[in-house]
Amino acid sequence: ADKEITIILVDHGQAADPFHNVIKRGAQDAAKQMGIHLEVRQPQNFDMTQMANLLTAATNQHPDGIITTIPDADALSGPIHAALAQGIPMIATNGAPSTAHKVGITINVGQDERSAGIAAGKAMEAAGGKKAICVNHEVGNSALDDRCAGFAEGFGGSTKVLPTELDPATAKSKIEATLRSDPSIDTVIGLNATVVGETAVEAVHDLGRTGKVNVASFDLSPGMLKDVEDGTALFVVDQQPYLQGYLPVLFLAQKAKYGLLPAGDIATGPSLIRKDQAGKVIALSSQSIR
Amino acid sequence: MNTVQITPEASTAAPPNAPAPTSKDERLRQTSFTVKLMRRPELGAIGGLILVVAFFAVTASGSMFTLNGLMTILNPSAQLGIIAVTAALLMIGGEFDLSIGSMIAFAGLIFGIALIQFHLPLGLAILATLVVAGLVGALNGQIVIRTRLPSFIVTLAFLFILRGLSLVGLKLATGGSTQMRGFRAASENSVLTPLFSGNAFGGLFRWMAAHHIIEQLPDGSPAAPGVPIAVVWFVIITAAITWCLLRTKFGNWIFASGGDANAARNSGVPVDGVKTILFVLTACSAALVAVLTVMDAGSTDAMRGTQKEFQAVIAAVIGGCLLTGGYGSAIGAFFGSIIFGIVSIGLSYTNFDSDWFQVFLGAMLLIAVIFNNGLRRRITGER
Amino acid sequence: MDQAHVPGTPPDNADTPLIEIRDIRKDFGHVIALAGVSLVVRAGEVLCLLGDNGAGKSTLIKTLSGVHQPSSGHFLVDGKARHFAGPRDALNAGIATVFQDLAMIPLMSVTRNFFMGREPTKGMFPFRRVDFEQCRHVTHDEMRRIGIDVRDPDQAVGTLSGGERQCVAIARAVYFGAKVLILDEPTSALGVAQTSMVLRYINLVKAKGLGVIFITHNVRHAYAVGDSFTVLKRGRTLGTFAKNEIQMDALQTLMAGGKELQELSTDLNGTV
Amino acid sequence: MDQAHVPGTPPDNADTPLIEIRDIRKDFGHVIALAGVSLVVRAGEVLCLLGDNGAGKSTLIKTLSGVHQPSSGHFLVDGKARHFAGPRDALNAGIATVFQDLAMIPLMSVTRNFFMGREPTKGMFPFRRVDFEQCRHVTHDEMRRIGIDVRDPDQAVGTLSGGERQCVAIARAVYFGAKVLILDEPTSALGVAQTSMVLRYINLVKAKGLGVIFITHNVRHAYAVGDSFTVLKRGRTLGTFAKNEIQMDALQTLMAGGKELQELSTDLNGTV
Amino acid sequence: MNTVQITPEASTAAPPNAPAPTSKDERLRQTSFTVKLMRRPELGAIGGLILVVAFFAVTASGSMFTLNGLMTILNPSAQLGIIAVTAALLMIGGEFDLSIGSMIAFAGLIFGIALIQFHLPLGLAILATLVVAGLVGALNGQIVIRTRLPSFIVTLAFLFILRGLSLVGLKLATGGSTQMRGFRAASENSVLTPLFSGNAFGGLFRWMAAHHIIEQLPDGSPAAPGVPIAVVWFVIITAAITWCLLRTKFGNWIFASGGDANAARNSGVPVDGVKTILFVLTACSAALVAVLTVMDAGSTDAMRGTQKEFQAVIAAVIGGCLLTGGYGSAIGAFFGSIIFGIVSIGLSYTNFDSDWFQVFLGAMLLIAVIFNNGLRRRITGER
């Protein structure tokens, strides 16, 4: 009978991005279960100044908690400090704990993109890869750049970044072109399952080199999981974005209701989903839960 | 309308000092056939194409210019080109459509709902998609005509609206996902499927591979399985639009509407009707591209077609269309799309550091356009 | 007045005027361009519309040809009240106009401009196409008849000389004909030969039984072909005169709006 | 010829012509617009440039005023060879032109068009600004003088009538003056009063010792103010005649390009 | 040039029928003062602004219209607006600059290199940034003028080139990262810092908070710490440009160049010079925005300014600029930017689901523009 609890989630990903849609889904499910009011704010493109503005706008509404992603600690530290100064509880999500701590947020839910990259790189190296391309659909997005950098570090062998755009036909053509012009490439890692991962599998298939070129991808999509199940792709890197949305809402709701809050960071990833588990995940993935 | 026949009386009054009609006028310089040919706006764009191809012939790996490599480049070029030629038509008619990129996502959604949710047969689903797209195009056109706002701002609003509706619609239709799947399964059994997905001339290519005319894979199948169906559509649509533009009444009206809408209206051209039809046409071409890419990829998502409106305008402008309307050609946009495709895919065949990708893309586009333009100006003597 | 009825194209009804307007007003925002104008156009008659610069002549004929909608007033075609939503309506009602700004598309060729909106086609749908061969032919011939020898009917209209361009517009209007032909200063940029040709055209067209509205600032031209004269001044009708009611000098004085002009004129040896 | 030298503005040198061109050619791609034209403009003299539609008159004066660069030929200003890179060079050399297409910006106000390129300023940098108060005043006055009573000097030029617009261009060129004034069919759209005013202007300007090139299709106007006549035909000079060398009828025949015109003319009661 | 003084003789020849100069012309209708005011293109955009504010007053949470909430909206509006008003100037001059978005990233890089790598003092670093940006702008302009290509395609090439160079440069300068940090530390001690970062009128706001004129935080400091410095720049620049456009010689030349470049050139306007200066000006305004946002955020990255070129054009068009040139106003673009800012931030104060964001954005923009336009047309009687 008291005032409804309001929590605001500010996420740097666009509303149409399938990965960030899962975060949103998790957050919304938690809000429903906890009976609180949740609002999600997303900038139209990867734009740190707009992100800062959205955070400030969120602070102005004096919610009971703010959840934010932190792709650029410097750019967002101002508004985050302002929110903290007003005594609004905050949780960082989707990023590395060190970043969150740097700007003064004590609780982080998520994965360090760089370490996720390293894990993927190691796995691909273990599969026998020597020469890789990292297919990046949004060059300049520092979270994605971190994944490629981490991958290169973990992989050890040579890694080249292939910039593409959000168009499957163009992405596929570019991957085919690269593979054809340098036949020694034996590894393709995609930073996005829908646009890059699935098309990479198809490109390799069209070239008749399935099995000779290993494909893997960050994040999940039903199609990519199917490929993993079929053995045409090696694995997908899962960081459980659903939890990255779900848990912070849960925590902040508890904080608002009872003053409860966990004491430390929670790592939601990285975990690699391989052939054996892929089948079970597909159904969930097509509902935007995995 | 009764045509006034003043021939008998007036012919005697023809000005006496006009020289007898001769095929040679002393006020014209002799020009060679090549110059006459190059004076056509269509052909200016070939210069840039040759330049770009020459650049990659030197810098890129040889595999770029294999049959297979060419098909890889042509497929995205064609998907872009189908909307670029209709966008060029609209630009000649003096208007813009910035909503075509979003329309690709929106039409993909409509197509998915019709095919997968309503289990319509493929043909009907495609028809429904085209009809819905056409209605949105007509709405665009009507708003532009009635409010007399620049089409830039009106279609920009629809860029946002359609993109947003695609997202909302997809999540509603799929129960929360931004991706819709299952197109392959739903369209498997239709006789129309080969018209919208896969490759054409597969038999011919297999025959050629068997006879070692073209490269074959280790298993004996051809390296290039055929001509992607989008390329076939692209060629057919370009031919149809070129014919329409240069030979038909409607084509003349398009040039007139874009050149000076007021003058055209005062001369009795139904400018508003022409523009509405053009908006419908662009929207439908975006819907066709949506169908082709969705059938190609087997899925659609809310980000489909992002920036395609922009690239279509780029292709049309490379091909010599004026942004101010009244001038341009479909063949120019055809070559413009191919130039854009070659430049954006071709760099993957070279050894340049991929960080430099955008720098190269920009520089190559600029050089190609300057070259096109310079060539045309030099040849026509226009200054 | 001699109404030469050529057999085959009789006017619908010799008594009702082709066009009649009464007390037409036209405002553009706070600008009053026409403050109540009336006139009558009859079949087989040339009405000269005269008046100073800015008197409202062009605005008036744009209203007749559907470009502008009048702010108020009565507009009758063949005795029936009509409302034109656009120039196409006027064309369909048989009113063809040569506008002062000519309504040409500079980037398009002479041929395409000539036939714009009324392209002759050949072939069956879906292969129906414009018969450009014939178009080029007609354009070249019609231009030669009016006194212009175009180098190349595919030349862009924007590169024609001012007079050549005006000839295209006139030749077009005359070629396609109509019930009423409106000419807004058609001879302003024309050479001597071309001008005399246009005046001949007007006589011919009139002899066919068409109605003509002819706007000019040249009193000699007006007096040579006109049957009646309506003079506008600052958006109002100053009066309408039949040819036998008024002398050329008086008309000139009316057009210039005052007797002091005489002085100017003598100053320049009566050359104006 | 009477060269009225007003004290204070003597021509630089009465012997060297202000402008002299010899054998100028101009091609546009495969179109030959000028095939070798020569003429001479002297101070205090009005040169009438006559010729049929499409003869190349406008192309020629555009070459003189820096709009086009000649393809070949000699071009002397004050006896010295000159090359104009653009119209600004010509303006700086004292050649002011009223173009046939008027060079007006339709969306801009009458005042802004009038002073375009030569705005009077007041105040000190960085607060130097255009003195619009004065501009409006001058515009209104100059337009009234030529015979146009503009409603509002802030009206957009695009909404003016054809004749009003032409008057703005002429008033502008005369107001700013120059050594040489070029007028390309300045009276084509003008009313009777305005036309006589422009002809008076020409006489006045000539009396000041300026050189004038006057293009017209009206032989009466030409004969009223011209001192010499250069006739062009199909891109070539047909000849140059002083006023005392030629009669008006002969000139008219030359302009129209042939004697058969006489017939036409009589046909229309000598009105052309 | 010697002005011909024909006054004495000619004045007697003034056409006799012209009425004595009276302030009332019978050919003009009486108009009220409001109508006269609304006839200015600047003021049309206010209608849309009022409409948008009314919409949010009803639907949004009250905190949107607190002082603090307004500052949150004005800051991004100002960052967009600074480039929008110069882009409007360029549009009036008949050209486009699509490279301004990328220029923000590129100028940020230059600024970073100057300030952080070369340890230049803040003033010099900013100067260096402006100079480099200005040179790029001049290059854009020169290419447009010399090749006579549409500026759309030329600056589009620079959109790619500058974006690519920013990426390459950032990676080189930082040793592989696409983000550059440390601007705060490097600029801390400069006297110029308050001119480019933080808030203005902080003292005033503190005083007002202390006297409870404005809301204060629990600790007594004002909820809104001041007016963001970008807003101050925005207002100053809009005022300066409006003055330039409406009162100076150069402003007249801009209108003339955009209205009809040929006619302007024939009347002696140095069109090429005007256009070059405008390109330099837009580039410099982008550089200023880069400096402001970088100082504000303390970091820069390769994606900065993405789509800003687009948004600037949107703001200018909302404000009544014609894409074809020759018509528009800086004040219109000013209000256009604020409308855009309110709509894009304002939706986050409402309860609409973020999936619907784009649908709303598009619809609001369209409604605002239709309203602006309708209002202006109704008032001026233009049809």
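Each chain gets a letter, A, B, C, D and E, in the order it is written, and its residues are counted from 1.
Definition applied: a contact is a pair of C-beta atoms (placed from the backbone, for glycine too) under 8 Å apart; a residue touches a chain by one contact, two chains touch by 3 or more.
Remember, predicted model here, so these are calculated numbers, not experimental data.
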Minimum number of chain-to-chain contact steps, chain B to chain D:
1
Farthest-lying chain, centroid of Cα atoms versus that of chain D:
A
Averaging each chain's C-alpha atoms to get its centre, pick out the one most distant from chain C.
A
Taking the mean of the CA coordinates per chain, how far is chain A from chain E in Å?
35
Here the gap between chain B and chain E, centre to centre from mean Cα coordinates and rounded to Å, is 34
Would you kindly tell me how far, in whole Å, the mean C-alpha position of chain C lies from that of chain A?
71
By residue number and range, which residues of chain E touch two or more other chains?
13, 15, 17, 27-28, 163, 167, 355, 357-358
Chain D residues touching 2+ other chains are 28, 31, 101, 147, 151, 193-194, 197, 200, 256-258, 261, 264
Which positions in chain A touch two or more other chains at once?
15, 139
Pairs of chains, among all present, that meet the touch criterion:
A-B, A-E, B-C, B-D, B-E, C-D, C-E, D-E
Chain B-touching residues of chain A, taken from the complex the two chains share
14-18, 21, 25, 139, 160-163, 165-170, 173-178, 180-182, 194-195, 198-199, 206, 208, 221-223, 286-288
Using the touch definition up top, name the residues of chain C that touch chain D in the complex.
28, 31, 51-55, 57-59, 100-101, 147-148, 151, 155, 159-164, 167, 185, 188-197, 199-200, 203, 217-221, 223-225, 252, 255-258, 261, 264-265, 267-269, 271-272
Chain C residues touching chain B in their complex are 9, 65, 67, 86-88, 91-92, 94, 97, 99, 101-108, 112, 115-119, 121, 128-130, 132, 140, 144-147, 149, 151-152, 174-179, 193-194, 197, 200-201, 204-205, 208, 210
Which stretch or stretches of chain C touch chain E in the complex?
27-33, 35, 69, 234-235, 256-258, 260-261, 264
Of all residues in chain E, those that touch chain B in their complex:
143, 147-150, 152-154, 156-165, 167-168, 171, 313-314, 317-318, 322-324, 355-363, 365-366, 369-370, 373-374
